[in-house]
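Both complexes shown next keep chain A, but they swap its partner, so chain B is in the first and chain C is in the second.
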Partner chain A sequence: MNELIPLMVIVPLIAALLISAFSKFNKVTKIFAFVVAICLPLIPLLSNYGLHYFGGYEPILDNVTSFVYHPAITYSFTFLQQIFIAMIGLLTFLVIFVYLTKYKEVSGPYLFLLFLGTAAVTAMLLTDDIFHMFVFFEILALAQVGIVAASSIDYSYEMALKYMILGSIGSPIMLLGIGFLLALTGSVNVTDIATAVHNGLVDATSPVFLTSLGLIFFGWLYASGLPPFHTIKSGIYSKAEPHGAALLQSFTVISMISIVLIMHRIYSTLPIFEVLIVFFSILAMILGVSMALTQTDFRRMIGFLAVGELGFIGLGIGLGTNYAITAGLFQALNEIIITALLFIGFGAIVNATNEVDTRKLGGLLAYHPKVSLMLLIAGLAMAGVPPLSGFQSKLMLVQASLNCGFPEISILAIMVSIATFVVFVKTFYVMFLRPKPKELEVEGKEVPRAMIFAMGILLILVIGLGLFPDVVVNGISSFVGGIL
Partner chain B sequence: MAQTQLAILLTSVALVVIGLYAAIFVDNIIKKIIGISFIEEGANLFIVAIGYKAGGVVPILMPGMDTSWFASNAAYPLPFGLVLTSIVIGASTLAVMLALVMVLYRRYGTLSTKVMLADTSKQEEYNE
Partner chain C sequence: MKLYDQIFDVVKQFKKLFSPGPVTNADVSGSITAEIFLIVSLVLSAILLRHVNVLLAGLVTFILAIVLISNIPLIPKFKIEQEDSLEKMIFYAVVTLSIIVVFMYWGGNLV
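Our next item is the complex of A and B:
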């Protein structure tokens, strides 16, 4: 059933357009959005692995060079795409469910942006065409800006414009890099470009090729929110609605791994490529957690912790072995789930207290025990406490760096995990355990059941993947073996 | 490399450099956005230059045309297709940026980025 592969992009895209067009019919919009959101995680689970050639244009064998060329856009669907697209689909469903139950009158444009972002990251994961990836990367940036601007939080427009300006510098620079690759190989298909590089048709040490790496790498740093873009990335999380932030961070993780996997296929022959990734990842880990330590706004604190976790993903991919890349991708999956759980959980606290400043909070354990417990488990998972999912992926990363002969990186990873633990325990104590400040009003304010439901589903995944990591690790490892 | 192609490439480099200067160093938000447009158009022009072929023909195979002659004389069409898409995306991002600027101009009454895009965390502390 390879016809289902393009439907993973088409369904949310069409849904976005229809919802935008017919948003004045509130009840119909709600039902339609709910039904489509349920379908999103199911389509990848029902689809078979394989390739989809748009327009039916299959690869052509060039008799002169004996190489195969791809004349049209190709979508590739393997276990990796399946697990990540299903996860994004599930998260989109949970976020839309929380949104639909929160408001009586829903905003069509806001739902449009949620579906548009989901379609864009899905296409970025599936595509084997670097320009196609760039187009959806731009669409994703627009959706992200819209989600931030649509929130009712102070200074969201300012943050959205800042992000847009940086994105508008980063994207054309990435496009220039793609142009350099096009000039060298005559193609924008990643398989064709990689074939040309690995068969010596392109001089991998030429200045043009190296420049293309630098330009695309810059775009990747922007997409991933790695330094020097870490402050703006954590900023947009803090200016979005909490459920929107849960989805935004997953968009960041998916765009990060989509672009880096494409870069890995093209530039893996260059030693500088892996050095660059490891360098910026370590920088993100250190800056993310150290800046999280100083935050009093808990949304911003999670934003910085999420940036630090992105560093772990990059570290695994930068080390370059099968085990390390598998660990990095497993960490990516865990980060999507854990950070979403944290954002929705802290969103529940905002809902109940109308407060985001940890200095003004306290004693919430007695009022919201379920949310407190779930947030505690999520924070411990992020810090890498066994037997939760974050522990499994971080243990793999530490083992991978030891196997690669970098014990220093292992020690650093453990220290950053300990720092993450300290940040979270400190915040948890301040918000939930210490006596409630007199001026804080929490009486009679309930957390919506939809939020508890969403957190419960994510919590089951955190514990499940911690106890049975092989369910996904074996499949990811097979995928990584294929690209190496 | 043909002289025309070289001229196009140099122009694209000039556009990107001027655009980067404006986007980074100029305070007025509208001028900043014009700079960003310069970068985008520089990148587009660069890709157009890749597809340029001196003395080439438009890459549309007409009835009666010899295919081998067409293959060796037609310009490379892929970059033109890519640039068309890129222009549309650039127009969309430009529209969104200008819309945000309109909202912020009404709020702050200035186009200075130092005022309207000052560190939001500091703005919040100031308001408190």
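Our next item is the complex of A and C:
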């Protein structure tokens, strides 16, 4: 059913608008949000692979050049889009479920932002039009600012404002780069631009083309939270509600891979493109993990670790081989799941203790054994401990960098994994194993069941993908073979 | 002895890193791990320059190792540069943009 392809964007978009308009009817809003959230992961699973041309404008064959041109905004739906959109749908469902059960009176604008963000990342994944991608990238940035500002955590407004100000640098720069590409090729369709570049219609070494790469690349750094934007990215994660942060990090990962895949199709002929990605990825890994090691606020610690993990994804894509890109995309899928699990799990601890400083916590294993066990497994998965999903993707990345002739990168990747392991051992000890400080009050404060349920679902995925990685790796590999 | 004293002094300086608030063993051990991790990973990354020129890689790695080790503790300095100050964030964003664009525009022969 190819008709379902545009519905993946339209359904959350319409739901966002309706919920915002009718939010004063609390019960109806709750039921409607819940039903739509259930539909989100189901639509991509029921849809057939294929293309959707908006307005019904089919591609046109130019008889002179024999090139095919795309006059309409085109959505392309393959296995990669299916697996990522289904995952983002599932995560949206879990986050909305946690939110609906947490508050008696729900906020229409907050639900609006959650659905709007989901619609935006879905469109970014599906679209074959670089300007269309930019529009949804902007919508996503605003939704992210709103999700952070709407949280009840101290200084969340300030952090949201900072993110918006930095966005006002990153986004126009990216738009300028897209404008340069439009000026050079006369099109905003990615397939058309790639065809023009790969068939020599555009001089790949011209300063304008190279500058367009630099500008779009800078916008991508902002979208992905790679250095120099790693500080603000980890900051917004720590200032959002835990379930909001779980969704925010998935938005970041999806926007990162959707933009980089578009850039890869256009600029893959330039070796400097891969060098740039590898450079910033390594920087993110080093800075992210070293900063995580020194944090005392565990939400900030997870934020920095999430940034460090983004480096692994970039590394896979920067190495540029089929195996490496597959590993990078598999790592992206794993990071979405694992980091969401960690944010929700640590959010449960905040819920039970009202404390985020690890120096003031301790002895929580006795009070919350289920949460602590699930967090431990999630931490081990992020560190790349077998047989969990993080291990599979990181092993693939280490093998890929060895195959590409970069043993230094393999060693670095292993070192980052070990440092991540140290972060979790340290945090797990101070929060759960050491004696409880006298001042800490944890009696009678239960973790919401919805949070345990959400963590359980994500944990099953972490273990399942660790034991059976081929379920997704084969499909991703086929997709990558198609774009290379 | 000088290097030993310097390393010992690092632990003392970590106290400032966690102020206000108590400094636990776990915090100090985490910071020392971060310090070692930072030095080793940056030196290791510099070895990647061997794909450009082996001599350059050797030289840069050697100099970088000396500069990093003689400037410990690095983590407090890194942490100050990566705090939530909007000025610093914008500064590094503009510096990065400038480097990328200058390198891409005038570095046509390098690509």
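The criterion applied here is as follows: the second predicted complex is superposed on the first by the 484 of 484 C-alpha atoms of A that agree within 3 Å, B and C clash if a C-alpha of one lies under 4 Å from a C-alpha of the other, contacts with A are read in each partner's own complex, and residues count from 1 in each chain.
Basically, a residue touches a chain if its C-beta (ideal position, glycine included) is under 8 Å from a C-beta of that chain, and two chains touch if they have at least 3 such contacts.
Predicted model only: the values in this text are computed from it and were never measured.
When both complexes are overlaid on chain A, the residue A:475 reaches neither chain B nor chain C. Using the contact criterion defined above for the overlaid structures, shared-chain residue A:423 touches chain C, although it does not reach chain B.
Of the two partner chains placed by superposition, only chain B is touched by A:182; chain C is not.
Contacts of A:359 after superposition: chain C is touched, whereas chain B is not reached. By the document's definition of touching, both partners, chain B and chain C, reach A:159.
Of the two partner chains placed around the shared chain by superposition, neither chain B nor chain C is touched by A:6.
Counting residues of chain A touched by each partner, chain B versus chain C, the larger count belongs to C. In the superposition on chain A, A:138 makes contact with chain B only, while chain C stays out of contact range.
When the two complexes are overlaid on their common chain A, residue A:59 makes contact with neither chain B nor chain C.
Looking at the shared chain after the overlay, A:169 reaches both chain B and chain C. In the superposition on chain A, the residues of chain A contacted by chain B and by chain C overlap at 159, 162, 165, 169, 173, 235. Residues 159, 162, 165-166, 169-170, 173, 205-207, 210-211, 213-215, 217-218, 221-222, 227-232, 235, 270-272, 276, 282, 285-287, 289-291, 293-294, 296, 357-359, 406, 408-409, 411-412, 415-416, 419, 422-423, 426, 429-430 of chain A touch chain C in their complex.
Within the complex, the chain A residues that touch chain B are 131, 135, 138-139, 141-142, 145-146, 149, 154-155, 157-162, 164-165, 167-169, 171-173, 175-176, 179, 182-183, 186-188, 235, 239, 297, 300.
Chain contact summary for the complex, chain C toward chain A: residues 17-18, 21-22, 24, 26-27, 29-31, 33-34, 37-38, 40-42, 44-45, 47-48, 75, 78-79, 82-84, 86, 88-90, 92-97, 100-101, 103-108, 110-111. In the complex of the two chains, the chain B residues touching chain A come out as 16, 20, 23, 29, 32-33, 36, 39-40, 42-44, 46-47, 50, 76, 78-79, 82, 85-86, 89-90, 92-93, 96-97, 100-101, 103-104, 107, 116-117, 120-121, 123-124.
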